[in-house]
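Labels for the chains are A, B, C and D, by order of writing; each one numbers its residues from 1.
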Amino acid sequence: MRFAVRSSLDYEVKSPTVFILNVEAAALHRQRIIVESLNLNPNFPIERFADDEGGSRFIRVNAEPGPFHVDYHGIVEMDMIEKAPETIPEMPVGELPLDIMHYLYPSRFCQSDLLGRFARREFGELEPGHTRVTAICNWIHDHVDYVSGSSDSQTSAYDTMVLRAGVCRDFAHLGITFCRALNIPARFASGYAWQLDPPDFHAVFEAYLGGEWYLFDPTRQSALQGLVRIGVGRDASDAAFSTMYGEAEFKGMSVSIDAIDESAADKEPTTQAVAVG
Amino acid sequence: MRFAVRSSLDYEVKSPTVFILNVEAAALHRQRIIVESLNLNPNFPIERFADDEGGSRFIRVNAEPGPFHVDYHGIVEMDMIEKAPETIPEMPVGELPLDIMHYLYPSRFCQSDLLGRFARREFGELEPGHTRVTAICNWIHDHVDYVSGSSDSQTSAYDTMVLRAGVCRDFAHLGITFCRALNIPARFASGYAWQLDPPDFHAVFEAYLGGEWYLFDPTRQSALQGLVRIGVGRDASDAAFSTMYGEAEFKGMSVSIDAIDESAADKEPTTQAVAVG
Amino acid sequence: MRFAVRSSLDYEVKSPTVFILNVEAAALHRQRIIVESLNLNPNFPIERFADDEGGSRFIRVNAEPGPFHVDYHGIVEMDMIEKAPETIPEMPVGELPLDIMHYLYPSRFCQSDLLGRFARREFGELEPGHTRVTAICNWIHDHVDYVSGSSDSQTSAYDTMVLRAGVCRDFAHLGITFCRALNIPARFASGYAWQLDPPDFHAVFEAYLGGEWYLFDPTRQSALQGLVRIGVGRDASDAAFSTMYGEAEFKGMSVSIDAIDESAADKEPTTQAVAVG
Amino acid sequence: MRFAVRSSLDYEVKSPTVFILNVEAAALHRQRIIVESLNLNPNFPIERFADDEGGSRFIRVNAEPGPFHVDYHGIVEMDMIEKAPETIPEMPVGELPLDIMHYLYPSRFCQSDLLGRFARREFGELEPGHTRVTAICNWIHDHVDYVSGSSDSQTSAYDTMVLRAGVCRDFAHLGITFCRALNIPARFASGYAWQLDPPDFHAVFEAYLGGEWYLFDPTRQSALQGLVRIGVGRDASDAAFSTMYGEAEFKGMSVSIDAIDESAADKEPTTQAVAVG
């Protein structure tokens, strides 16, 4: 299943500014980039770096004052595996791959150490496995209002637990937090989200179950089989689409994703578990 | 129904210290003090003051260095009214007595402005009235663990909402917070609690319904008809049994309450609503 | 010294809504109302209540759907006392009037229990008295940025201590918090502020020193001798100019204050301490 | 300069428990392990994993119920470089090695996004470089009380900024937070600390300056040239000496470090900057 993704970002740079940008589709096992193109205007030199493990691709740009435009488009082939959710187990901590142990730890926006008692009370008695993480997502969907503008870049899962309102990023943070509190490795994923309306960058999360990372979207706004991931990390602090060091004004952006084969276009949101790595 | 209450507090005063003590039974409409005695050793002079509205009685003592012992005992007649809970309505904000409007406002430990969305989602659709406040207490009892030592004097309802553990004071704060968020006036009450085991100062809360203050104990540890109130206020910051300005060490205390007529001693915890004023 | 004050508030009421309004000049010892007029349009019936101690005057209005306009104007004579700051002492806790002891306690936006160590470290060694509270104001002025829009109605002194930005209300909360942490009674005051530019409701604080309440404005934006107080209380939760229970939209307001005798108009901001009660 | 380090940990395991232990000296460029020995009793099988970048070495143990004892000792040769502090510059964000960019991001205990305004106000005007980070350490030392028991494993830099008390871990978190807020990469380091009295695991931090990681100890309790690092990471959540998944009781531990060549034993705490990587 192939998708065409595109994003355009516009800035007005006021003083020499370093941009860390993370807008390109991640290079992942089940997410293959067919063609892509990144254009900067002005054409400042870029340096590339990647998070080996998650496949997130960053560029660093030293931008000079003036208008600065970033345009990315690519065609990405997704090869996600769909599985029956009830067949997917959790893994004992003692058997987790050692290189993902840190996805059990609390992070800036996911204070799993503080929400542990709640998570164990609410979800501790449920049957372990993919269905338990779905129960977590259902809880979030049912107990937190999706309200644009109700949170900001400093809002954490701790806050959302009390305030009960947020956007996709907050929903993902809360899901990650509950998973980690139950000893399920979980991480944040930003991406291009097929069928998201209106189009925008989206945030979901992944939980490590039965030897694979599985996607979850507690907002229920996107079709998981059409989630082209950009950044993967501990939480939003690892996956900002743009971080600026200097003075620059964000002027606007546009984001799009389209299915580019016919079969996909007809496809219903899956009811299966979606494994991505 | 009469109760004998007693409390003894021991301090070692290190430097001249002002004590604000609030251990005497409050003088309230339905709580009449038959006899009482307050003894300080050494017998420092005291100044008395009271919160007119709630009837809380405070003393201020300028204590000199050395051992300092406070002993209070009294016999209190309680004249609480028991009513069928389902007959007790909430009152529209526009009809509340004007002198209790401030019990709708957030306070140090009861951030009702922050927990409003949760309260409305969880309790907003319930039938208004005494039964709704009971539903709030049931929620607290079912969702928060009573764990000695899990909180401290700085723990607020905001924290308890996330951490999901606390003691009587935290349970009361959470109940107050939810009530205020639903526009039900609510206040904190400390007291001597009959049948509390082990004996200790206790904390409950009152909600203003149908023209009366009604008692609620989300911990379910005390018998409401045997709750001899000491301090009443916005939250625990208004009703500390002891506040010290100076250097003094708290060495220990004992607290007791006994029913002193036979009928009382047999009495079961009531299933009725208990109005106290 | 006389001032003409005026405020106009506009609302669009969507469903029957209870308003608690606090826009009239407070009736205080040294603040005498010469003439005044409150007009509501439509002319809904009002109920009045007051906080005896502080003199704040509230009205409760049951408003029906439709446009709702509130207009208040009055002439107020101020009789504040100016004193040499260095002559004004702090009072020992043991000698404070008993009816203001609660202004030592922490409140919703003034967590003096949490900021105590800082306050004692930073201000504990200073000479007690009016000059120490001025030092507190200077610290706030020098260490917190006045930035419109940087805080909201839920921001507390705890937050401002970390975030280091706020508006008049946050500055006042921080000043109150430091005072209480040093055992100086302190309270919040809202008012019409002469020479404030642009005109708006303003927030300052009062500290109890040498037997009087003294005004302080850590923002340095107003002339203290021209501060016509409206609401006085523990913090902003006691002194909101408008609280709504129901659905109503705030459409805008205007606020003004003018000196109405010639001598006043010439007057410089005082460098003296200003006692108000 | 060589050091003998040793740690012993005692647990009583109640149910099968997974331990993640991080007590071995890290394998780092300027910290060479001469000999070492890790003994578990009972001798459960272990799995090893390391954080490539920082050199932290973890073991995972599946422990069965009963007493569980961990003993580690090693001899480590330290080859730190001492440099004149005033010669060490900060690096522009645009020139930082790309693989350490994440040490600019906020983390669980280091909310550099929230403390940015304070950091820039307080330290923003200082000359960039090693001396500025020393100024940060001096500020922490002067403004935060070192008080055992004043914080716990959930205390973050945000809290410490208000509460102004903590232990080594809190001091390190605050230092890291200020550095990141100033765009200086910074990370947490746990270790065996020569001359720390009483002996214990210690926490310090590293800042990336002029192409090297430099050690800083805002507590001033250890000699930097004798800091044998164990764990390095974003904050304490990456460098716990022990994390348990299961039921086990911590019974006690002992930690020691001794200089094992004569010259070292005489050495004064350095006044130079200490580079470790």
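Details
Methods note: a contact is a pair of C-beta atoms (placed from the backbone, for glycine too) under 8 Å apart; a residue touches a chain by one contact, two chains touch by 3 or more.
Just so it is clear, the structure is predicted and the values come from calculations on it, not from any experiment.
For the pair subunit B and subunit C, there is no chain touching both partners.
Here the C-alpha atoms of subunit B line up with those of subunit D after a rotation of 180°, rounded in steps of 5. Each chain gets a centre from the mean of its Cα atoms; for subunit A and subunit C, those two points are 46 Å apart. The centroid of the Cα atoms in subunit C and the matching centroid in subunit D are 47 Å apart.
Taking each chain's centre as the mean of its C-alpha atoms, subunit A lies 30 Å from subunit D.
Contact with two or more other chains is made by residues 114 of subunit C.
Each chain pair that touches appears in this list: A-B, A-D, B-C, C-D. Residues of subunit C touching subunit B in their complex: 18, 20, 47-49, 58, 60, 62, 92-94, 98-99, 101-102, 105-108, 110-111, 113-114, 153-154, 183, 237-238, 245. Across the complex, subunit B is touched by residues 114-115, 117-118, 121, 143, 145, 158, 161-165 of subunit A.
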